[in-house]
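Residue numbering begins at 1 within each chain, and the chains themselves are lettered A, B, C and D in the order written.
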Amino acid sequence: MDIEFSEEDLAFQQEVRSFIEENLPKGMDLWTKRGDWFKALREKGGWDVPKWPPEFGGPGFTPTQRYIFDMEMARHSTPPQLPFGVTMLAPILMAYGSKEQQDRFLPGIRDGSVNWCQGYSEPGAGSDLANLKTKAELTEDGKHYIVNGQKIWTTLAHIAHWIFCLTRTSSAGAKQEGITFLLFPMDSPGVEVRPIITLGGSHTVNEVYLTDVKVPVENRVGEEGKGWTYAKGLLAHERTGLAGIQNSVLALEKAKENAASIKVGDGTLLDVPAFRNKLGALEAELLALEFTELRTLASVAAGGSPGPESSILKLKGTEIQQRIQELNLEAAGVYAAVWGNKAAGPKFAKGAMSAYLGGRATTIYGGASEVQKDVISKNVLGLG
Amino acid sequence: MDLSYTEEQQMLRDSVQKFIEDNYDISERNKLTATDEGFSRDNWKQFAELGWLAMPFAEEDGGLGGSPVDTMILMEEFGKGLVVEPFFPTVVLAGSALSQFGSADQKAEVLAGIIDGSIIATFAYAEEGAHHNLDHVATTATKDGDFYTLSGTKSVVLNAASADRMLVSARTSGDVSDEAGITVFLVDAGADGISRDDYPTVDGLRASEVTLKDVKVPASAIVGKEGSGHDVLEAVSNRAILALAAESVGAMEKLYTDTIAYTKQRVQFDHPLSEFQVLKHRMTEMFMEHSLAKSLTMKATMLETQGSDETQRTIHALKYLIGKSSRFVGQNAVQLHGGMGMTEELRIAHYFKRLAIIDSQFGNTDHHLTRFVA
Amino acid sequence: MDIEFSEEDLAFQQEVRSFIEENLPKGMDLWTKRGDWFKALREKGGWDVPKWPPEFGGPGFTPTQRYIFDMEMARHSTPPQLPFGVTMLAPILMAYGSKEQQDRFLPGIRDGSVNWCQGYSEPGAGSDLANLKTKAELTEDGKHYIVNGQKIWTTLAHIAHWIFCLTRTSSAGAKQEGITFLLFPMDSPGVEVRPIITLGGSHTVNEVYLTDVKVPVENRVGEEGKGWTYAKGLLAHERTGLAGIQNSVLALEKAKENAASIKVGDGTLLDVPAFRNKLGALEAELLALEFTELRTLASVAAGGSPGPESSILKLKGTEIQQRIQELNLEAAGVYAAVWGNKAAGPKFAKGAMSAYLGGRATTIYGGASEVQKDVISKNVLGLG
Amino acid sequence: MDLSYTEEQQMLRDSVQKFIEDNYDISERNKLTATDEGFSRDNWKQFAELGWLAMPFAEEDGGLGGSPVDTMILMEEFGKGLVVEPFFPTVVLAGSALSQFGSADQKAEVLAGIIDGSIIATFAYAEEGAHHNLDHVATTATKDGDFYTLSGTKSVVLNAASADRMLVSARTSGDVSDEAGITVFLVDAGADGISRDDYPTVDGLRASEVTLKDVKVPASAIVGKEGSGHDVLEAVSNRAILALAAESVGAMEKLYTDTIAYTKQRVQFDHPLSEFQVLKHRMTEMFMEHSLAKSLTMKATMLETQGSDETQRTIHALKYLIGKSSRFVGQNAVQLHGGMGMTEELRIAHYFKRLAIIDSQFGNTDHHLTRFVA
């Protein structure tokens, strides 16, 4: 048992750091030259798709390397990719898609030329996703599905070119059966996107109405009726991604800086015991959670399963994100109220409220915390 | 000891409830918050006609001689209705200061205007670098004969763009966060040298950064005595906290009852959410938090009315407790509404945001807990 | 709305204080002259049984008077009575017992000459009390019940003279039906008491084995099969009593004194922010709970029901008791460990651990907190 | 980075598990705690034979050259088994001090005796008025030629009645809570001038108040250097916390798994308790608390092994976190066992008490949280 990185791993860490140092655009260039960054990552040997296996152009990182890679990327606040294509759809296509589908869709996913959105949740199917009602019926000639129904909470549907969508092709059997995984363009006739304005007035999620949308059968991924199985694997992916532990480590450091910039009495907010102790309690848990992620990783690296500890990552990770957001909100003081395009008070204040409001979603989307606990108690603890 | 409302108080409550039923639902409110001023002048006229703007003031000042209990009743119902009219800055902040510390002239002119609805007023107390310390006042007031010249910047001044008058805390002597040497002035909102940067607040209300540059006011503009502004700020802050607590209690009641109603009709896994034991217990805890917050709000309000020695301590405990319960009730209401709790369509999100802002005003939970145990 | 006591109430408060001043034995006399105290209370006009109605010799206090009375008694730490007879059984006898039973049992309950214990819980019937199995069968001549079964967690059964006992006389219908309320002496043939040693080695609760215990029918309270209805009313009584809010107010003051006696650095434990803020958070909640009790009382005084707030008193009251116990345990520091007859370190240290251990029971007995929440969510919030 | 146990470490764990399976169940433990010494000398002999008492010490000192990771493995299993033998005071407290700071003579004599099982030792560090501050030392050591005279009272000295040797912190200079001026002495437990007041502790172990009255020891009894006792205390405290954390992790594992097992068979309201959603989620939270506590214990132990700069901070975080999770897991295990959790019959109550005591030793949650954020 040894917490130190091997010499190879340390060398790899150095390589990642040097790469970032040399290639990450600085200052405002980060916004205008994002393309250069992703190009450099790609040319480095598939670093633009760190989780993809080598046969699909990924770098073939070991689990430890991936941990180091993620950590360094988080530490240097490199620009993130939209996750829907690269992280969520691509693994499904690799595992269950046809060779044709892989050749057709993976390049656009990888180079970011095609934006995807995820058509899962429906008004009656939130936490209980398998309850979905959107119908896909095969035409008589067997060449198309005709899709009717409504999706909701569809993130970035208004800028997506394509959607991957769960549809019901049969209502016989258990509700997990008879679900089919379809892909279609968002500009197909019969697709209508209506914005949902969420807490704080932002437009990220949408309702998507589907009326007689015609989808060629070759756009079905895998077998008809097996969509639930494919999606479940993908949900697990999504949950790991949502834990965002390395980002929380950074965010906590930033929260400390924010608090240290707020004068209170002769010192700063960071010296106020009530605040400081909350921060400490949070940091102790985050240290523990960070190491729990390492244990999960080590378990996988040793050729095993991620272990029961992995199940707590999303649950605790999102809770910690929210608590960091609360601390920033508190540090913002009266300036928490300022909205619209205006900023007043300390620089971080305005972002603090947006983050706090938007952050409430992290314990709801991607499997609400209550559902996660149901799942852990059943699958990990064997409670009926 | 009598914890029931008098007949007059019941009538007051009924009248607010009726007003809200007739005039406020969430789409109506959304229309109001989208207007320039962010509230309705017509509603404000009705507030005056219904006597609400006169409620807490002494009869000799033209008021109805009510007590903080009446303000509690009004604010609790305003909290349920998510009312956006500037009752809090005008009546609670400026009104408390003037009725308790104002000169006869100030009362005759400004308090009378507040009561009849012709004057909207506010209190400019917050400054950058103060972080909840009302005595941190960098704005200066320099004496020059019978006049004072005010300079400085005030933050998050509620409804400043609509206000006719503005109370301003400024420093006439002492160091930046000394208790002594603060003086409160009554200033014309349109006076020369005042400029504003207006913005909406996240809860749909309005506020401004207000900059005073060599604003000249006569000595008669002093509210209370020169240098004793600390007392004014403390008194106003106590009334403000009682009012915000009552508003929070109203908002929390709606949050937990709306959540109960929603979970009864929302079906997941073939059962209404209201049948899941974890959610039932969560809602029970929300109910309990509301009950306790309401109890302490009542207690503190009655102590203030009575002028008890325990008042100050109890108000610190109250603002702490309100912040804690509001956070629990608000966050869980959103959580139990799932995605729907995140939308601007339901009231839930609006109560949630309002409660978050209330915690940031007149000292947050940590600030008051620290003072409560001091 | 007015928080001040009326002049009459203030006069009553003064009367109670003077009475205590004059009659409460001081110092060690409190232990040897308890009898005198209860006699004086009785002679004052039924103050020994403050909750009993005047027709049974109680003082007929108004709700406000009873609150004042309880508060003053708590503040002066007057010796408590065992609750089983006076508080728990007596109201049942008054409401449902025959005149003969009232005349026979109430005097012994009142003067403390007969100790009672409560035979409710069974190994299979804890939180689910209605599930009880102890059987009572009527003899052929209809003159006796023969009782067989086992009770558990029977507090002070080993010093009780009599037991009031729930027994099953029928298993038809819902399990709440067919339960009968019986009284019998603990020295009846067939009654066997076995001690249960709880956390910290104390002997308070017992198992009671009942084998062919013969109980005359005249010892049945009310009708056969109606025992559950009678007991439920009594349980509500028990729950209110368990909140102990006035005692917590005192206990919190004592906890502050304890902490102030522990030197830390240049100050005391009371100056350590982490400790002090916990204490403050607790005190704020206790202030709110105390006033919630007053609201309940005011509701009853105004001729109404106790109101939905009353349901939270036991739940929050016991939680607060436990948190005060934790603070004392923390203040005891390393001396928390000292056990047996020895005492070391600050005076309060030894009692601190016993109280903490024993205190765990308060959220279990008399309706576990989880069951209380089930009840509130159903009865108060109308959740299915 | 490699978080798996080596083959040797797996064998160590298996050997402790087997020992506990063969020798320890709750009734066996209850018999041991009822004896005079409160543990079994036979078991102790086996500990020596199995090499456990030699595990963490350097090979040149006659040990097995293990690391804190090995101690972690032993203590975690001891925690599961509720082991009562004085491994903690002898090997972890006295052993760490001697192996890190002891002279060659001290090692040759005492460490060797600890390793072969012939010497039981302990550390007398606590004093009244210290409240978790190890540097608060009122016990005096006055130099007189080549000798020192020790006087003072030490509290809650673990297994003092069974100990052959005792390490004692005493003040050779400075004020009562100065960091400098503390010296640690190795004292014969039966020396003239030592008197004891023995008692059981609430977790079934043994301790004493130990009074030293003019106890004369040679200069060679100093462990480390005169006046540098603070370093010894700090080093011992860190090892102590790591060991107690591992023991807690073991105890918590049993608490949550026992609770799962109990709720599966306990039927109330016609269902096993394990089917109630609130209890399922509670047990999930217990499991999570255990997982996190275990993670941080592993991390801190490896940092200590590696001698990292982060060690001290991480150990403060650890003791805080262990205290917090132990309380949650312990209290809920009792709560979910209902009345049965209150009895001495089941293991639950014993784990619960042990965890409560662990929080009180070497600084409680507040103490370490305060230091962690300092």
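One rule holds for everything that comes next: a residue touches a chain if its C-beta (ideal position, glycine included) is under 8 Å from a C-beta of that chain, and two chains touch if they have at least 3 such contacts.
All figures in this text were calculated on a predicted structure; none of them were measured in a lab.
Taking the options A-B, B-C or A-D in turn, the interface that duplicates C-D in more than half of its contact pairs by residue number is A-B. Ranked by how far their CA centres sit from the centre of chain C, the chains are topped by A.
For the pair chain A and chain D, the distance between C-alpha centroids works out to 43 Å. Rounded to a whole number, the gap between the C-alpha centres of chain A and chain B is 39 angstrom. In whole angstrom, the spacing between the mean C-alpha positions of chain B and chain D is 54.
Shown for chain A are the residues in touch with two or more other chains, namely 273-274, 277, 370, 373.
Shared interface positions of chain D, i.e. residues touching 2 or more other chains, are given as 276-278, 281, 369-370. Residue ranges on chain C touching chain B, taken from their complex, read 1-6, 9, 64, 276-277, 279-281, 283-285, 287-289, 291-292, 294-295, 298-299, 302, 308-309, 312, 315-316, 370, 373-374, 376-378, 380-384.
Residues 1-6, 9, 69, 260, 263-264, 272, 274-275, 277, 280-281, 283-285, 287-288, 291-293, 295-296, 298-299, 302-303, 305-306, 314, 317-318, 320-321, 324, 369-370, 372-373 of chain D are the ones that touch chain A when the two sit in their complex. On chain C, the positions that touch chain D within their shared complex are 121, 124, 126-128, 131, 152-153, 196-201, 205, 262-265, 269, 272-275, 278, 326, 329-330, 332-342, 344-346, 353, 356-357, 360-361, 363-365, 368-370, 373. Every residue of chain A that touches chain C in the complex is listed here, in rising order: 273-274, 277.
Against chain A, in their complex, chain B makes its touches with residues 126, 128-133, 155-156, 177, 197, 199-203, 205, 207, 209, 267-270, 276, 278-279, 327, 331, 334-335, 338-339, 341-345, 349, 352-353, 356-357, 360-361, 364, 366, 369-370.
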